[in-house]
Every structure is written in structure tokens, then in C-alpha cells.
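The data blocks that follow each hold one structure.
Across the two complexes that follow, chain A remains constant while its partner is chain B and subsequently chain C.
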Partner chain A sequence: MDLEMNLNAPHSMGTTIIGVTYNGGVVLGADSRTSTGMYVANRASDKITQLTDNVYVCRSGSAADSQIVSDYVRYFLHQHTIQLGQSATSKVAANLIRLLSYNNKTMLETGLIVGGWDKYEGGKIYAIPLGGTLIEQPFAIGGSGSSYLYGFFDQAWKEGMTKDEAEQLVVKAVSLAIARDGASGGVVRTVIINSEGVARNFYPGDKLQLWHEELEPQNSLLDLLNSS
Partner chain B sequence: MPAPCLLTGSYGSTLRYKSVERMKPIGKHSLLGASGEISDFQEILKYLDELILYDNMWDDGNSLGPKEVHNYLTRVMYNRRNKFNPLWNSLVLGGVKKGEKYLGTVSMIGVNFEDNHVATGFGNHLARPILRQEWHENLSFEDGVKLLEKCMRVLLYRDRSAINKLQIAKITEEGMTISQPYSLKTYW
Partner chain C sequence: MSKSVIETPPKGGFSFDLCKRNEMLAKKGVNPPSFRKTGTTIVGLIFQDGVILGADTRATEGPIVCDKNCEKIHYMAPNIYCCGAGTAADTEAVTDMVSSQLQLHRYHTGRESRVVTALTLLKRHLFNYQGYVSAALVLGGVDVTGPHLHTIYPHGSTDTLPFATMGSGSLAAMAVFESNYREGLTRDEGIKLVTEAICSGIFNDLGSGSNVDICVITKGGKEYLRNHLQPNPRTYTSSKGYSFPKKTEVLLTKITPLKEKVEIIEGGDVMEE
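Showing the complex of A and B:
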């Protein structure tokens, strides 16, 4: 039996990350668990990181690798914005991430989903998985928890959703993945980006729907005993 | 000269991306199709983009044809293989220039050749035997498409990494058209 928890294992974000376009912008979603081997190092992490005012990225895989890549890209985009004289587009942000991911593919272990809104193309989602492929999609899922969501999205995704429909879909999906993936957990965070700006939301466990074999949380057994 | 390609990007045994375009026009005369690692294919397209741009900047009336592009790709793939850092793709390069048809292939280790019919991956085992029997010099476009669809259907039945979504491209002296993605009927 393994009694030795490897507390010095590199921090990895097992993770569930999602990016979805809707009629007018994008919704990004993620869980909040960061693990070191079997121990949960951070149960309330924020995996949706800002790159510019209008472009955010969902991080998965190695915590260190995803943080350093997003830090570099934020730095490059800042310079690019100054030179360009206006906001960077989500396409540029995604391509910068791709360059770092592809050119350092032997050393990095991080899958990223870039989502943003710009005046030229509106809301866009770009997936950049492990090898450094760049693929633009109407929605993208990533992280270890995403394995449990392929079937769900095949059935539940539709083109032209409203902002609220899209956010509900993302919250439901992350919540389903958390239910089945040990490496995902905690709360569901979402970021909505559109022409009006950016809105962050937070859904703790008690605000989420219960799934199969999950029970209504109680304060104590004593309450149950007393009520019967 | 028709050429087909599936729209799939796999991740191990998961059919992860079902709308990846793995066939792209190169310059005025050629078409490149690839199997294998999509990120490396995207990098190859960037190299070819630079090559074609450089060629166009000469503005001398000349343009790189399929034979030249195929040779360039062979050199790139073989050199990477020698450095033990291959581009993990199998490439098919087809085109028509000055009335001459050309069809060639390059593997990730730099093996290259031309033939009347080429394929990547499972296509080599399942499609080429069919083509060896049924291809002939005077195939019309319609017969070519039917023959390719016959091959693609077999691959759909028998290749685990296949999905029912493909595109067929037609290249002639006049130009190139890539069809919209479509699905084949299957018979069980």
C-alpha cells in the first residue's frame, strides 16, 4: 500500500478546461484543483489567466510550464500592443502560444485554450494541445477531465447559443468532469469575454447540480438523526 | 487528377479533432496532403509559405511546380531525419504544371518516389492494391472520384483512426478545387 505521498512531485493541474464561443463572444471555464502527486496543493486555483484586456487563456498540464508560457506571451503581447497602437487580437495571442509550445515541444507539458474577443473577428477559441498544433474551433475542451466530456459535447453543443446558455453549458460540463475525474475538483470558475468587456464568475460546489450517486450535503449526521 | 483526404486529427486512440483540413494548395500548381503529427504539418506549411513567397518575389514569370516542391520537401524531411529530429508526417504531393501531371510522396525518414497512385498510412495496405488493379491511364474525373471513394470506404470500414468525413481535390492545368467536406454511405 502506498503510504508515501510524493509531496515533492511537480505541481500538475490534472484539470478540466473548456472554451466555448457564443453569439457575441466567448465563455471560458475551468475547475480549481492543483495536485502534487496525490495531494491537492491548491483547492481554489485560478486556471483562467489574463493575457490582455480582451484575451484570456485556460491552462492545463504542468503548472510551472503553463505559467511560464502565459507569462512570456503576456510580455510579448504587451510589447506588441504598444507597437500596434491598439488591442492585440486573439489570433495573435494564440499564435504566440503556439510558437512557444511547438518550438519547445520536447520540454513542455502543457495544453492551453486561448479565448478572446476582438473587433475584427468577434469571439474566437483556439486550442493548443501538447505538440503545439494550433486549431481554431467553435468550442474546445482540454485537461484530464475532458476525456469524460467528448460524448457530452457531441450531444449538448449547438451553434448560436446565447451568453447564458453558453455559460450554463460550461458550468454543467466542468461539474460533470469534476464528478468523474480525480484530478479535477474544487469550484467552477468562468470568464465571459465580449465587446462589452470581461466578467468573472464563481460557482462553489453547493451551487452545482448533483449527479449520479452524489448526495445532498448535510451539516451533520445528528441533523439527519434528529429529523427522522 | 483527384486526391482525397480525411478530416481527422487523432490523439492516441481518441478521434479528437473531426474538422482538421489535412490538404492544402501550395502555390499555383500543387497540392499537399499529410498524415501524422498536425503541429509538424502546420510547420511544413509555414516553410512552404516562405518558399513560395520568395519565389513570387522574383516576379520573373516562373513559378515552383509540384516536382520542385516535392524535391524541397524531400530535402527537409531527410535532413531532419539525419539530425534524429524528424517531422512526424507522411506527405503526398500532387500537381499539374505546363500540362504535365505529377504525383509523389515523402515519408518521415525521407523516402520519396513518384507513381500513378500514392497513399499514406493504411492507404498503402488497403487502397493501393485496389488502385493497382483498377487504375489506368485514361481515367475520367468521374471514374477517378468513384475509384477513390471505393478506396476511402474500405479505409473507413477497416482503419480505426478513420472518420466518415472527407474532401476530394481536383487539380488541372486551369486550377485547383477542393470539395467541401462530405460523408460516404456505408453498407453493412
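Showing the complex of A and C:
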């Protein structure tokens, strides 16, 4: 087995990212694993980044590329908000991301899901995958772990869910992807955006529901450490 | 039909023109000269009063140790220090450059530098060079907003963490941190943990070795503990000692006055524009 690890390999966020609209807003969810080759460089990263008070973006793909793109868009949106005189809409944010992604498609490797709430359109989710397409959807999934969720969402997604139903759906989906995808793991983070504002939630990895063939932790190091 | 060509000035930034050629040569077996790398174990952690950074002191040139006691903890600002892993020239150059930029910024704003400023300057520079500036950094400091610790990767991505390790010995050091780190460590506990982590890198990683350097940064100030621990002293020294001649030996003295060899022309033409 080749154990050689290039610790200076570009950071990629293996990732599972999800964005879901519900009756009154959106819920964004993501795992927290950033990998460099086979090593987990950050087991508690925050992949849901703020663009404005009411628009957030889930990042996947190359960590450097997605951080830079979201930094530029945050800067442009800040200027836009000042010039416009009111908060930016999620459509404008998604468009700015799309322009950067499409016009630099040969150099960037990043898949993003923009989610936000504004007074004109309510809660909206926009997916901007690798080539720079912009597509508005009632729910979107991305990242390497999303491959395992297409069937799940086809069956479980319903129009007009409540806030709690939507959040439970997102947590369940990320948890299922973490169980099957090696490049996703850690904790589940969710961000709920609606007319009242933004709420962040955190679900530690060992508190998630166990799936098929997953065992209860036995002689876990965490228990040994906590008891001492 | 003639085609008019408008000359555009070359765009700034790195020229990637020779990269394909270099790749092709490497495949044919022509390798570029190896450069000095700091194999390295570098770590940082946040404790109750601030940040502690630690590093080993071995610099390697391929399989050879070229510097047994180099300094990997670089000064960025009076309240910010940065450990560097990767190509030694790159880490030195990039930390020096950002340190100067921070000082100019301090003069401009009249305020103490913030860690996020250093972070943004570093990550923008590294991203612009698309990973070719091979510098992996652990940046730590205390500013008005509190203690901060960040890791910066050669491609420009950053992470903000309570404890971090980088370099070839990062796995060994991370194992120590993951088992023993907790929030609210005291200064002595923090130094002890950082020393253990670096020692773990020194003894288990071939690219790291020699001594342990520590830097403790708190709101009150900083303490740079150079060679805080020296677990690898020279074990064999000759009892007779080594003697070297005190000055250069003079073998021959020959003086040739040049005036005889060269024609000196007085005067001449005045220089005209």
C-alpha cells in the first residue's frame, strides 16, 4: 500500500453540501471535512460562508478557489449594497458567483450553492456547479458526497415543508452521505435563513443517527478521555 | 490583406510559460537542482492568555541536513509571529514581504496590526502564485480582537483552528495534540504540550530534527524562547579538541605595480550629451 502522502497537495473539500427551500426560507447544510490527499487537514471546518446578512454560500471543491471566490463576491456585494441602498438579493449574489465561475472556468475548480432570503422572492436556492452554470432549484446538492443522495432526495423531498422538517431532512441527508463518502465527515453544520434572520446549528458527528451496519462506539477513545 | 496587431502591454503576475517545458524535461530525467526545504514540524495552539507557536530547527537539502539550527519562527509584527514550512526561500521571502507591508499599514493607520490583515495579505499572495510559492504557514498572534491562530496552505486556502500542525511532521504532532489538547491551558501546560508535539515530530519524522523553538504571544507581549529544548546534543566530541590555524597561511607575496603596465592619458575629451 502506498503510504506516501503529499501534505502540500492542494486542499480539497471532499464534501457534502445541501441547500433546501421550505415554506418561509432556506436551510443550508454541510459536513466539515477538508482533506489534503488522504489526510484530514481540518476536521471541523465551516463550509457555509456568509456573503451578506441574508445570503450564505456552501463551498465545495478546491478550498483555496472557493475561499477566494466567496471573498471577492462578499466584497462586490458590499459595494452593491451601498450603491443600491438596501440589502442585496440572493439572485444578485448567485449571479456574481456565476460570473466569476464562468469567466474563469479554466482556472477554478469549485462547486457552490447559494442560499438566501430577500423580501422580493422569499427563500431561494441557486446551484453553481463546476462549469459556471447558474440554476435555480427548490433544493440542490453538491460535493463528492452528493452522489449518494440523488435517490434519497427524489424520494424524501416534498414541496412546502416546515422549518423543522427541512432542517431534519438536511441533517439526515448529510449524515447519510458522511456514512458512505470517505471524503465527507466530521460534524454537520446547518444555517437557516428566513425573514426573521439567520440561525446556525451544529450537530456533532457522534450524536448522529446510526445507519445500516454502523455500530455503537465501543471502547471509544472519547469515553476513556472523558472518564479520566 | 494586412492585419493590424495592437501591441498590448504584458499583464503583470507570474509567467507560467516555462512550466510545461519543465514538466517535459522532468519526465526525460532532467531534474531541476534540489532546493533547500524545511522538512519541518511546526505547531500552534491557543491557550488561556494567548497563542503559543513551536517549531523544530532542521533544514534539509534533499537527504542532507544543511542547517542544524535554523529559525523557522518568523517575525511579522510585534504581536504576530509566523512559522513556515516548505521551501525555505519561499517562507522567508513571503514572511519578510508581508512583515514590511504590515509595518507600512501600521504607519498608515496608526494602530496595532491585526492577525486577519496578515492572513489576508499572505493568502492573496499565495493564491496569485497558484501554489508555486511553496510556503505552508502557521500564523498566530494576539490583537485587539483577541488571540488568533490560522494555517495557510501553498495554494492559498486558510483554516482557523484552536490548535494546528503543519509540515512533514504534522501527523506525529497532531497525534499528540488530539490526545492532550483542551481549552483553557495555562502557559506552562501549553509550552509543555507544544514541546511534546514538536519532539514527537523530531523523533518520528526524518525531515524534522535538532532543537525546539517556542514563541509565546500574549496581550502583554511576546517571549521568543529560542532553543527552548535541545534534545539532540552532539554526543561525540574529540577529547583532544580540534585545532585550526589562526589565520590564513601566506605562501607567496608578489607585488606588481600597475603604473608600468598601463598608459595614463592626461586630459582627453569632455563628455558631451
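Following the convention adopted for this analysis, the second predicted complex is superposed on the first by the 217 of 228 C-alpha atoms of A that agree within 3 Å, B and C clash if a C-alpha of one lies under 4 Å from a C-alpha of the other, contacts with A are read in each partner's own complex, and residues count from 1 in each chain.
The working rule: a residue touches a chain if its C-beta (ideal position, glycine included) is under 8 Å from a C-beta of that chain, and two chains touch if they have at least 3 such contacts.
In this text, all values refer to a predicted model and were calculated from it rather than measured experimentally.
J.: Overlaying on chain A: chain B and chain C, fit or clash?
T.: fit
J.: In the superposed arrangement, which partner chain does A:Q67 touch: chain B (first), chain C (second), both, or neither?
T.: second
J.: Examine A:P204 and indicate which partner it touches, taking first as chain B and second as chain C; both and neither are also allowed.
T.: After superposition on chain A, A:P204 lies in contact with neither partner.
J.: Tell me the contact category for A:K105 with respect to chain B and chain C: first, second, both or neither.
T.: first
J.: Determine, under the contact definition given at the top, whether A:Y39 touches first (chain B), second (chain C), both, or neither.
T.: Only chain C is touched by A:Y39; chain B is not.
J.: Pick one for A:G160: touches chain B only (first), chain C only (second), both, or neither.
T.: Neither chain B nor chain C is touched by A:G160.
J.: Tell me which partner A:G182 touches in the superposition: chain B (first), chain C (second), both or neither.
T.: Neither: A:G182 stays clear of chain B and chain C.
J.: Per the contact definition in the header, classify A:G131: touching chain B only (first), chain C only (second), both, or neither.
T.: A:G131 sits against chain B, while chain C stays out of touch.
J.: If you count the residues of chain A that each partner touches, which comes out higher, chain B or chain C?
T.: C
J.: Considering the aligned complexes, could you tell me the closest Cα pair distance between chain B and chain C in angstrom?
T.: Across the overlay, chain B reaches chain C at a minimum of 16 Å between C-alpha atoms.
J.: Can you name the residues of chain A that touch chain C in the complex?
T.: 5, 7-8, 10-11, 34, 36, 39, 41-42, 44-45, 62-64, 67-68, 225
J.: Write out the stretch or stretches of chain C touching chain A in their complex.
T.: Residues in contact with chain A: 86, 123, 126-127, 131, 134, 136, 151, 153-159, 161, 166-168, 170-171, 179.
J.: Where on chain B does chain A make contact in their complex?
T.: 9, 11, 14, 16-17, 19-20, 37-40, 42-43
J.: Could you pull out which chain A residues touch chain B in their complex?
T.: Residue list for chain A touching chain B: 102, 105, 129, 131-135, 137, 147, 150.
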